[in-house]
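Take this structure, written in structure tokens, and hold onto it; I'll ask about it next.
Read from first to last, the chains carry the letters A, B, C and D; within each, the first residue is number 1.
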Amino acid sequence: MVAAAAREIHDGELVFVGMRLPMIAFVVAKRTHAPGAVGLFENGVIRDTPASELLYTMGDPPNLLKASYCGDMLSVMSLLQQGRVNVGFLGAAEVDRFGNLNTTWGSRNGQQIRLPGSGGACDIASLSQRTVVLLEHNRLRLVSRVGHITSPGNGTGNGWRREQGLPLRSGPSAIITTMGVLRFGEDGEAYLASVHPGMSVEDVLSDTGWTLRVADDLAVTPEPDSTELAVIRKIDPNRFWTKS
Amino acid sequence: MGMIASKLISMRQAVAEHVPSGSMVLMGAQLEQMIPFAAGHEIIRQGRRDLTLVGPISDILFDQMIGAGCVSRVMAAWIGNASAGMGYCFRRAVEKSIPRAIETVDHTNLTIALALHAAAMGVPFMPTYTTLGSDLLKRNGNLREFSSPVNEERLVAVRALRPDVAILHVQRADASGNAHLWGNLGVAIDGARASRKVIVVAEEIVAHEVIASDPNRTLLPGFLVTAVVHDPWGAHPSPVQGYYGRDHAFFHEYHDQTRELDGFERWVKLWVAEVPSRAAYLKQLGDSRADNLRVREHALSVPVDFGF
Amino acid sequence: MGMIASKLISMRQAVAEHVPSGSMVLMGAQLEQMIPFAAGHEIIRQGRRDLTLVGPISDILFDQMIGAGCVSRVMAAWIGNASAGMGYCFRRAVEKSIPRAIETVDHTNLTIALALHAAAMGVPFMPTYTTLGSDLLKRNGNLREFSSPVNEERLVAVRALRPDVAILHVQRADASGNAHLWGNLGVAIDGARASRKVIVVAEEIVAHEVIASDPNRTLLPGFLVTAVVHDPWGAHPSPVQGYYGRDHAFFHEYHDQTRELDGFERWVKLWVAEVPSRAAYLKQLGDSRADNLRVREHALSVPVDFGF
Amino acid sequence: MVAAAAREIHDGELVFVGMRLPMIAFVVAKRTHAPGAVGLFENGVIRDTPASELLYTMGDPPNLLKASYCGDMLSVMSLLQQGRVNVGFLGAAEVDRFGNLNTTWGSRNGQQIRLPGSGGACDIASLSQRTVVLLEHNRLRLVSRVGHITSPGNGTGNGWRREQGLPLRSGPSAIITTMGVLRFGEDGEAYLASVHPGMSVEDVLSDTGWTLRVADDLAVTPEPDSTELAVIRKIDPNRFWTKS
């Protein structure tokens, strides 16, 4: 999952990193195929180099030391709104077939539960050129239609983002789950592009809350190579963040 | 320097005079850094009610103030526990009106920043593209779609937000309120400029000459600051760059201990109600825990020359 | 640090590659401080034409470039000589089309700042109250009255301005373009972020570690910078805080010597056309004149600690 | 003239200073009756103390050393737009009976001449609570109607600023000339409030380009007192800036 996320970052790109898994993915990308990638954090931090320690929050002191730039939130968010940010990573409680995200209202045992909300997720989903979502794969998380659009994906399908007035060059690019990688068709709907090693298509489909389309050229997600694995194990030796 | 009176007062006095019940209060402007926990705890102790809390990512301070019944409304982008996800007091308030019902005005990081920026710029709104197509736009009355006056685009107008008081924790300030803040700035500058009053809580009080040696680092002109409070460790368990680190365990402990209402009630009694000051809080925290958070390796900035 | 290639090139190359004829060029972003005279003179030497110059208070660099025939349009708040008032080349161009007619788009300091801010924020305009009732509003097509979408107020929309290239003089930068600028910042930050390309001209090139020791002072993230030029004294006769003072006499001499067209022609030949580089310019200026402008009393900022 | 300008600054006020005469007036005010006044400069500088040397421009190095604050232009201009700035000083090529200013187009010997333009003058005239204009008194400078409104005063009279949408608490407060001080009536038109020592009302009226009204309680502008004079002489020993 982390190695797959790392491969979404191309060399020289500006990346809205976020914390935990995407942060590890960013470090893996920097140390392997994308040494020129730059990490942006909405609290105002921009880094050419990964922090010296694994972070719990983007405001942890190691993330500020030897940053290339520290400013205010708008100094980073404005780069996003200018359309300069290539890729942003997001988590979500729910994602739907059109890549819309919900982090505001969930349900547990049939009861509505209040989640923390958008943070910067709606901004990243609205404004970054590509959005990559990371989440656990099950029917409660991958749903046909989210109950609340916290962060817009492709809405109801192709053309919807343009109708809303969202930037032309923006939108969901991939959903990376614990089982596989979903991408988006011309019609704006997600399809299964690859399954992780050891996962069956049937399991993926039965654990998805809608009838998930499968790519004609369905692939198996490449295993992390030895360099990637070495970086991951170095960052997270106890496999706390990178169980799968 | 000119005849500027000292604005130094105690935290107790600052809250008593400048944070009445019913206020709109900006806190946590620097996101996970320098959250003004000491001020929030004093607000709880003084029994304030009907506050509107404003902030981008509020972390557990907002959860504590909601749990203590101080809050009737939250305007924020994210309300929870940055280490552990959910904030249980927030959930109990929204889902079960415990200890009281609260209104949540959902923002994004960018819209809360723009709402404060508009007020700081002295204009009624800021234009943006974010939230187009989202349910936040539909449900938040401070976000309004409109047509650009200069081209054919659809835009969102984020209405200016003017808190009654901003409470900012900083590294150092002079007695007039000229403060040096370094690290990530979040919405501190716009938040302070947007607010009617500003309380600066500083790790250190320094001579004006220290501030004036580097005016580019001055957070905001001193005349915008209403009160200055000297309260070292006032941001624990959040970090203050160059002073102390983040007490990650504290956030997890809070999460575990406040899952149920009675757990929160014990927690707030132990860490807030029965702790009259930050000094007493520190004593309860214990020397070894504080020592573990102190700076182990200093990293001083290379100076610049303002001479001529 | 990452594998970031050096962006260091010569002034000649920077102008040759990044400032073609027809460009919209932002200069003088820091007002009377750090005006990029060396870059402007190289633009004159390379015979650029049809430039649009953008800046708040342009001082005599704009006057020189207009006199040299490089300019077809100026978008600025104030065009003249900050020491002596009028700029004679500007007057000749506007009043008599000598050496060619130019279009003047009159802004105010605030509207030029907002035009760049809008572009830096990635939105089509910024709202303001300034210029309501003025003739600037009537005559500048980039200012448009509209009704506020959130209340009943009349406002002016200042259209976003995106220069092709911003040329900024700074005190120090690393080879990747991460720059430290201190003193008054004018419109440097928004101007650079608004522009498609950025050329940074630095008094000193320093290691990345110097910049990263104080990331709050970084003017803009290095990835926004296209080229870095090392050209000490490149801002003379304007001042560079901590490096050299303002050569007031030079501004008065320019004023006196360029009152008539032939006077300007002699001036531009002496100080620009026949001076191939900044080093040659400095030689012509003379050691004693430069020495008089050097820092006599250093004033270092008190460092801050980024350690943990 | 300088002492009269200094008296327009009250203690604790925020002052958009400008250069030359107003700068000297600011120093005089700080050292006499207004020690708590704060000086704002549109380049981004804010000072609690006057600079150590007389300045030619607001960007001169002495104006930055030991400033309380250095930021960008918007960091200062936004305070103006918020309505926080109490008084701003302006010069002008022309001012008219309603306090409108022209610094864009002048005339000399019947020929149009192009002047430098607004700079921050239009912003200050639009947005500061009180505007004070300083200029030489003659019929070419004090005109019935300016040819170009660079910086709005009271437009065509009372109510005009409100109609334009300018802030309620803003507008021209005084015109201080080499001959006297003009203030504004309820109808928005200027009247002669005081004449400087040694000047006659007749001279003032004949040197004004419209029929200037005279206050019933016309005063003589108080001479600088000895403290004020001492400060002025210390700042400008050669009386370069303060001839009158």
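Definition applied: contacts are C-beta pairs under 8 Å (C-beta built on N, C-alpha and C of every residue); 3 or more make two chains touch, one makes a residue touch a chain.
Being a predicted model, the structure only gives us computed values, none of them experimental.
**Student:** Show which chains lie in contact with subunit B and also with subunit D.
**Tutor:** C
**Student:** CA centre of subunit C versus CA centre of subunit D: separation in Å?
**Tutor:** 28
**Student:** Round to the nearest whole Å and give the separation of the Cα centres of subunit A and subunit C.
**Tutor:** 40
**Student:** Per the centroid of Cα atoms for each chain, what is the distance between subunit A and subunit D, given in Å?
**Tutor:** Measuring from centre to centre gives 57 Å for this pair.
**Student:** Where in subunit A do residues touch at least two different other chains?
**Tutor:** Residues 45, 61, 64-66, 70-71, 74-75, 80-81 of subunit A each touch two or more of the other chains.
**Student:** What are the residues of subunit C that contact at least two other chains?
**Tutor:** 122-123, 128-129, 153, 155, 182-183, 185, 189, 213, 216, 239, 241, 245, 299, 306-308
**Student:** Just say which it is for the chain contacts: an open line, a closed ring, a star, complete, or other.
**Tutor:** Shape = other; not a path, cycle, star or full graph.
**Student:** Among the chains present, which pairs are found to touch?
**Tutor:** Result of the pairwise touch check is A-B, A-C, B-C, B-D, C-D.
**Student:** Help me check something: in the complex, which residues belonging to subunit A touch subunit C?
**Tutor:** 14, 30, 35-38, 45-46, 48-49, 61-62, 64-71, 74-75, 78-83
**Student:** Considering the complex alone, what residue numbers of subunit C touch subunit B?
**Tutor:** 122-129, 144, 146, 148-151, 153, 155, 157, 159-160, 171, 180, 182-183, 185, 210, 213-214, 216-217, 239, 241-243, 245, 295-308
**Student:** Tell me, which parts of subunit C touch subunit A in their complex?
**Tutor:** For subunit C paired with subunit A, touching residues are 1-4, 120-123, 176, 178, 189, 193, 208-209, 211-213, 215-216, 218, 220-223, 306-308.
**Student:** Subunit D touches which residues of subunit C in the complex?
**Tutor:** Residue list for subunit C touching subunit D: 30-33, 56-57, 76-80, 82-83, 85-87, 90-91, 94-95, 104, 106-111, 113-114, 117, 128-136, 153-155, 182-190, 238-239, 241, 245-246, 248, 299.
**Student:** Which stretch or stretches of subunit D touch subunit C in the complex?
**Tutor:** Per the stated touch rule, the residues are 41-45, 56-61, 64-66, 70-75, 77, 80-81, 104, 111-123, 126-127, 148-152, 155, 160-161, 164-167.
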